[in-house]
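Heads up: the structure comes next, in structure tokens.
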């Protein structure tokens, strides 16, 4: 069941020039509902004059013990800038949990690789935790332009081996995520990916060729986030479907990306 | 010369449920220009989504020693609510000083009465100071619905005798400002008034009948505040004139209020 | 609660607060957020005779106090609606109204014929004003003659309440309103979206796949309000007003301008509970102003 | 600096950033805030043959991302302009353009005849689109025939650059644009304000003394941009685009849509220095995109 409730900002940590991590909890202390990895929230941005619609943001992590959600926000425009500038104690009105979720492999022997590029790492942290809690051994592959773009490495390491690539080679291997040596050395049964579209297309092509199960999380532009406007559609083999309700997670077999 | 500069909010004092006093200083510490009593500022309201235009606010006081402006703000809608909610350290972009000003009587023997109703007391404080500094003996007559509506009494008393009326009699005399006993007991040579239009009309009629010089400060709706839009006009004996440039202060002889 | 009742032709609404087509899905998208039974009516997504895939992505651009959309009438067609959606939603205690869209007069008529058989659909809203598909109806909405023709044809096929939804993209909206009134429309609703455009300055390309799209949201409110006021003073049939309503004050303004009922569109995306807040706000407005019936306010400027 | 030069007929602008009539007074209102000599052009307040008092107060209502105005062409008349205002402003190193308004064709013609004599006024902008006065010109702007007639009459009286300013309150703005082009207009500027309305819900009265007024500001930008794009693809004469421009990105969008120059209106009230910021923003856009001349961008979508 979707809800619209006020959260309070407990902390706002600047991770680098562009990215902030907000930790938020329901203002009235109600317990968070069941949330699945890959789901997202829609945030009303109170302090930005030019932001009319809510902004969709992935759920980066659910800390059940603290009853908090973590949101990783990249400042790319007025709405996200206002969120990054928000203050501890401020109220945020949020609609959540939205969207489908990543699906877990059918047995625990399956090896999983979680690939995140830039702020697209956001949903991978919670997915890693859920995989680990369910007896899987998640492994991560994080990419960025340079070292400072690769976020939350410490957090990821709590849940599995964390491989890193940067385009300039300033951290981990140099190059794109699809060129990382783990892909050559290790066989994975399922790959999860979120990040810039070119990265996801590259991963999808790789997985397709290797015949590996692959799920990607899309970030199409949204007006509502809960299936009412039909603005966020992705062309699939079933026709145009809403990313906000039938996604954001899609099995690459459903998409029309692979040439 | 009009300027557009950023100020910093030094303090935000809640005077009662509806009114806040902001003290602000130029962010770059530049010295305030010459400001005359009756002049106003136009404030860009950064933290209100629905406030498109700037908001005109009277200059309540100029503290030359501290290089600060005081603004007395009544929360009547989204724009003023956002200003009342603004935080110490916040930036405010301001265009000032705008408008004409009250004129001082031609000699110091003239007795002056400064009448303010509700938040209309705002410009009277600085006018009182300027009168006093120029050797006059200003006297004040402040009105409100009840005791809590009559603001800054301590400040006014620094510059002159301060008479009070409230509609419910909870402070000072009971009734409207025009019924206050000082008007019967004392002759004034010049009356200055600012407040709700019915109050100003009543004062104007009184002054007209008594043949007393009288200046009132108008609060017509403004889009620009500096003479570019022609939205703020008042009908005068010279035709429609802009309140933001030829006012906000008008001699009642120029207005078409008196029946 | 009777003081909130309004009538649109023979159709009785328990209150004037409806939702606008294309912004409220089939109602159920909002069932988690509000009690749908409290609504005066729900106008479901534009329905065409045959299924449509709509336009390509991107279909949306945010604008100052509003948005452009180029959805293009994506829907599964009238038969799918009747077989699968209608059974799911027909038991809500509110008026479910189907927004009927088409490319030819024949499309409209055949779609209306199918819908007239549905017991619990008391009315249709004829969308002659969608700017987002070639031949998507807007051409009917911008000419009095074409608007009259399609209304006439549907009128003879549809015996229940017929609402015609007008396009604001015209020089004189009263002319169109008069034309559809003359052909037997029971009500006019207005406005649909304004034809607009967004450009990505950095990419030097239009933002929408269709180049132009329909503008909605608070930004259009002043123009919509003016049109409602003009149409109210032109026709005798009830007017349903919409365009940028985002709070109870806006709703009261549209009622004062002459709306017998109002529809809330885009703002549902920002606040999915807004219709309930508007309803509560209207009630306390009536209390505060000691008004016995909302009908006293309609057009009472 | 040559890369910012654009031409409107025979008129050369040092850059495409102009200010819109009625929002910039006679320029001098902004002299404390910006260097007027940096502007491509200034269009002064709507000027009529005889002085006008304009409409009664209230003349303004704030709206979501915009405002309604009902100033109604308050001005001191053409002779006053010539005798008192022109001498004060004619030495600015920018193009001063007079916005000419009227009620009859004769008014327009006689006003244009007076202005053609002024050495330092290289162009007039014919306002056939003011929605705020009865007979205030908008009737000329909403009919191709009337628009053609007034253009023809003024054309024969005015030998310098003649810009005709179009109303957006029409079904098909390209039709009007074509009509005025055919009668010899050197350029069209668009858009003027949209006819809108505001109501005070508590007082149950219209906010403006004239009931309806003209809507301007960022709220109208998507519609204005679409119209500029349509007109650019219809006429051969240069288009001057405006409507809600509030930053350099908006300006670039209007240029990409087909504007040879742009005018900034309402946003000058919010930020009196905005034209300078827009100019700087355009320059760095050209740098960033390695563009030699702004002319490469015009209509280059």
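Think of it as A, B, C and D in the order they're written, each chain with its own count starting at 1.
Simple rule for what comes next: contacts are C-beta pairs under 8 Å (C-beta built on N, C-alpha and C of every residue); 3 or more make two chains touch, one makes a residue touch a chain.
Since the model is a prediction, treat every value here as computed from it, not as a measurement.
By the document's definition of touch, common neighbours of chain A and chain D comprise B, C. The highest number of C-beta contact pairs joins the chains C-D. Centroid distances built from C-alpha atoms place A farthest away from chain D.
Put simply, the C-alpha centre of chain B and that of chain C have 47 angstrom between them. Each chain gets one centre point, the mean of its Cα atoms, and the points for chain C and chain D are 34 Å apart.
Among the residues of chain B, none is in touch with two or more other chains. Chain contacts: chain D has residues 61, 63-66, 217-218 touching two or more partner chains.
Contacts between chains close into a ring here, every chain touching precisely two others.
Touching chain pairs in this entry, ordered by label, are A-B, A-C, B-D, C-D.
Interface residues of chain C, counted against chain A in their complex, comprise 22-25, 29-30, 32-33, 45, 53-54, 56-67, 69, 71, 74, 217-218, 266, 268-273. Put simply, chain C touches chain D in their complex at residues 61, 63-66, 68, 142, 169-171, 194-199, 201, 204-206, 211-212, 215, 217-223, 225-226, 229, 244, 246, 249, 252-253, 256-257, 285, 297, 300-301.
Those residues of chain A lying in contact with chain B across their complex are 46-49. For chain A in complex with chain C, the residues that touch the partner chain are 1-4, 44, 50-54, 95, 220-235, 239-240.
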